[in-house]
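The letters A, B, C, D, E and F name the chains in turn, as written, and every chain counts its residues from 1.
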Amino acid sequence: MTTPIVHLSRRYTFPASHRLYTDRLSWAENEAIFGKCANPNGHGHNYRLTVTVAGPVDPRTGFVMSLDQLDDAVRRHVLDVYDHRYLNVDVEDYFDVVPTGENIAKRIWERLEAPLTGRLRRIVLDETRNNQFEYTGPSHPT
Amino acid sequence: MTTPIVHLSRRYTFPASHRLYTDRLSWAENEAIFGKCANPNGHGHNYRLTVTVAGPVDPRTGFVMSLDQLDDAVRRHVLDVYDHRYLNVDVEDYFDVVPTGENIAKRIWERLEAPLTGRLRRIVLDETRNNQFEYTGPSHPT
Amino acid sequence: MTTPIVHLSRRYTFPASHRLYTDRLSWAENEAIFGKCANPNGHGHNYRLTVTVAGPVDPRTGFVMSLDQLDDAVRRHVLDVYDHRYLNVDVEDYFDVVPTGENIAKRIWERLEAPLTGRLRRIVLDETRNNQFEYTGPSHPT
Amino acid sequence: MTTPIVHLSRRYTFPASHRLYTDRLSWAENEAIFGKCANPNGHGHNYRLTVTVAGPVDPRTGFVMSLDQLDDAVRRHVLDVYDHRYLNVDVEDYFDVVPTGENIAKRIWERLEAPLTGRLRRIVLDETRNNQFEYTGPSHPT
Amino acid sequence: MTTPIVHLSRRYTFPASHRLYTDRLSWAENEAIFGKCANPNGHGHNYRLTVTVAGPVDPRTGFVMSLDQLDDAVRRHVLDVYDHRYLNVDVEDYFDVVPTGENIAKRIWERLEAPLTGRLRRIVLDETRNNQFEYTGPSHPT
Amino acid sequence: MTTPIVHLSRRYTFPASHRLYTDRLSWAENEAIFGKCANPNGHGHNYRLTVTVAGPVDPRTGFVMSLDQLDDAVRRHVLDVYDHRYLNVDVEDYFDVVPTGENIAKRIWERLEAPLTGRLRRIVLDETRNNQFEYTGPSHPT
């Protein structure tokens, strides 16, 4: 008999700014690839982060995971570092990597995987109301 | 040749109240685990329920399933029992089980599985705009 | 020269339960008027509260009002009393008054008017995604 | 070592009208199955289309796929044909097929599969805020 | 002493199709003014209608107006006529008038003013998630 | 006889970054007032701008105002200057003024008032999904 698994998704938001630009390319190439997103002083978003964890339901509490514990992990490992920051300049994750939605989703996964001890299943990052990025970890290439 | 399968998701809402509290724990334990959610007289939510069914598309009607049939199953097996109720007190599903989002998603699956005759694929329950619970059945532990 | 006035609206949410029922009416009348909303043990909502204040913009800070100050007033005078409560039973505002959206909007205005010292302009209460109640105070009968 | 895969979802909207009606059925059967949706002159929706592509992240640009390239494919193969049209009358995809959400999702997949060269993963079509259709292609019968 | 007035807003949706085109103009003029919206066979929207009524709160029921009564008026005078229809062809309101959002908002006001017996205050029509039309009646030219 | 007036609201979004900080205050004062919003390198938002114009409905076209004309004014006078920019550094409107939501709403009004030739009625700026700023011009102190 398998234990039923429930997925819990919890949503966080953090305003931050970023710039899509890389020193590995010429200015003309940056502009061709990134357009307005390469503007020198950056721009920003209200990033919406949805973290999904999964597990069996604790028969005593009815929880897959305590929300306090989840919030605490996200706050300490992501929000305290990313919230109200200029990602390219303030966050070392993006010193060598362009902070595209794709890369931010991956980096957030990497930051949360260990603290969430095997329960992390999915990171969804909404950059705008039209663009969404989803990462389910290195072992789920789908 | 496989028959193409389409997933249809339909959204329902039902206001209800619940209390996170269990007699198996002391009052102090309940408070430590559930916080304000353990308040004696309960509180409520506009639960948003999304039911996903899947199947081949009927070549005549273009439907995976008739919406009337789906609505009827959800109304009779879920909404008539849960809508405008205090789940802990009015609904037997929660006489022994804490009505957390996790457990509500599971119980709704169990209520709909038979009536939807093999087509049910996913139950998503949004408790608030930040907390979402997803259950895909006992055989899909993901 | 008039000083330009800006309106600031800030949104809060609080889950709570209520029951539409009054002792002044017979059970049959209650049921005829309130339907499912009169169910004996209540039901709940994720109430969404939008508080609008207005004033001139402080030339130094660019603020109409400090968000901390606004949040503090709403927390102390509304959320600490209403959040995660059964309004009919736990909150004295509704011991004599049916906690309809109309009455909740009015009572929240009355709770916030003094603490917000003349800057309160509008209370909007969303009970569900389809029902909204708006109160602009006793002196604005519109 | 597997290359990490990120999913990018991008949302488009297009107003269009349709009628649920088929010549293969009698008028009475059409009415029984489709109800108001069979009204003779059609009705309309703001269709919301979410296209999901997947792939490894380009280490230089941080992109799974250029948004310009994705937008261009969706515009040329879907929006230019569907947007502001009466699907039954103006779009050959529905000359023989009832334009239900199920069929629209499938046809959009078929239109985008080749131009997106193996990266297409999912088509989600929201017909209203309550009805959603999802197609993941013929090889993913789920 | 003035009686406090509360505004109640209730939201309805109806899918319908329309065409922006008028016989008073040449085809070229129609195209110049209405663009894609003039396409010969029309297109559609999920119109979202918000009806606002105002009045004193009944001290017995706590209601400004019974939702059943409001729903009944909107259903009989608007939805039964507009829902799942091609406005230009099926609804006489638009035989001489282009069914723009502006005109639809006005015509809905005119349909509801008498049945709502002096309590109607505002009609808001959302045509898409970006375009909204508001009409507050002939005596409120604002 | 008054001519009926309809209000048209149209929504735009622009990502931008800003920093709440002013040289007129000490660093400690800035931090006390603005908190995380004073972080040295700024942060960002997906600003949502809703522009409301009003006027009589043109009996020929059914429009209060051509959307093309409105879009053109907003694009040229606001979006071309604000979109994908760091407001404090890139936009002269904020060289002397803290780019709070209040001030941004006012400055956008000032930019649009002349081009919209007397039809502008309201600027609403949503900074996040919880904070909204509204400005109705210097002559409507409300």
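Assume contacts are C-beta pairs under 8 Å (C-beta built on N, C-alpha and C of every residue); 3 or more make two chains touch, one makes a residue touch a chain.
Owing to the predicted nature of the structure, the values given are computational and were not obtained by experimental measurement.
Although subunit E and subunit F carry the same sequence, what matters here is overlap: shared residue numbers make up under half of all numbers found at their interface.
Subunit B and subunit E have Cα centroids separated by 35 Å. Averaging C-alpha coordinates per chain places the centre of subunit B 42 Å away from that of subunit F. Between the Cα centres of subunit B and subunit C there is a gap of 29 Å.
Counting partner chains per residue, subunit A shows two or more touched chains at residues 129. The complete set of chain-chain contacts reads A-B, A-D, A-F, B-C, B-D, C-E, C-F, D-E, E-F. Every residue of subunit C that touches subunit E in the complex is listed here, in rising order: 20, 22, 24-25, 33-34, 97-103, 105-106, 129-142. Residues of subunit C that touch subunit B in their complex: 13, 15-18, 36-37, 39, 41-46, 83-86, 89-90, 128-129. Against subunit B, the residues of subunit A that register as touching in their complex are 2-12, 50, 52, 54, 57, 60-64, 66-67, 121.
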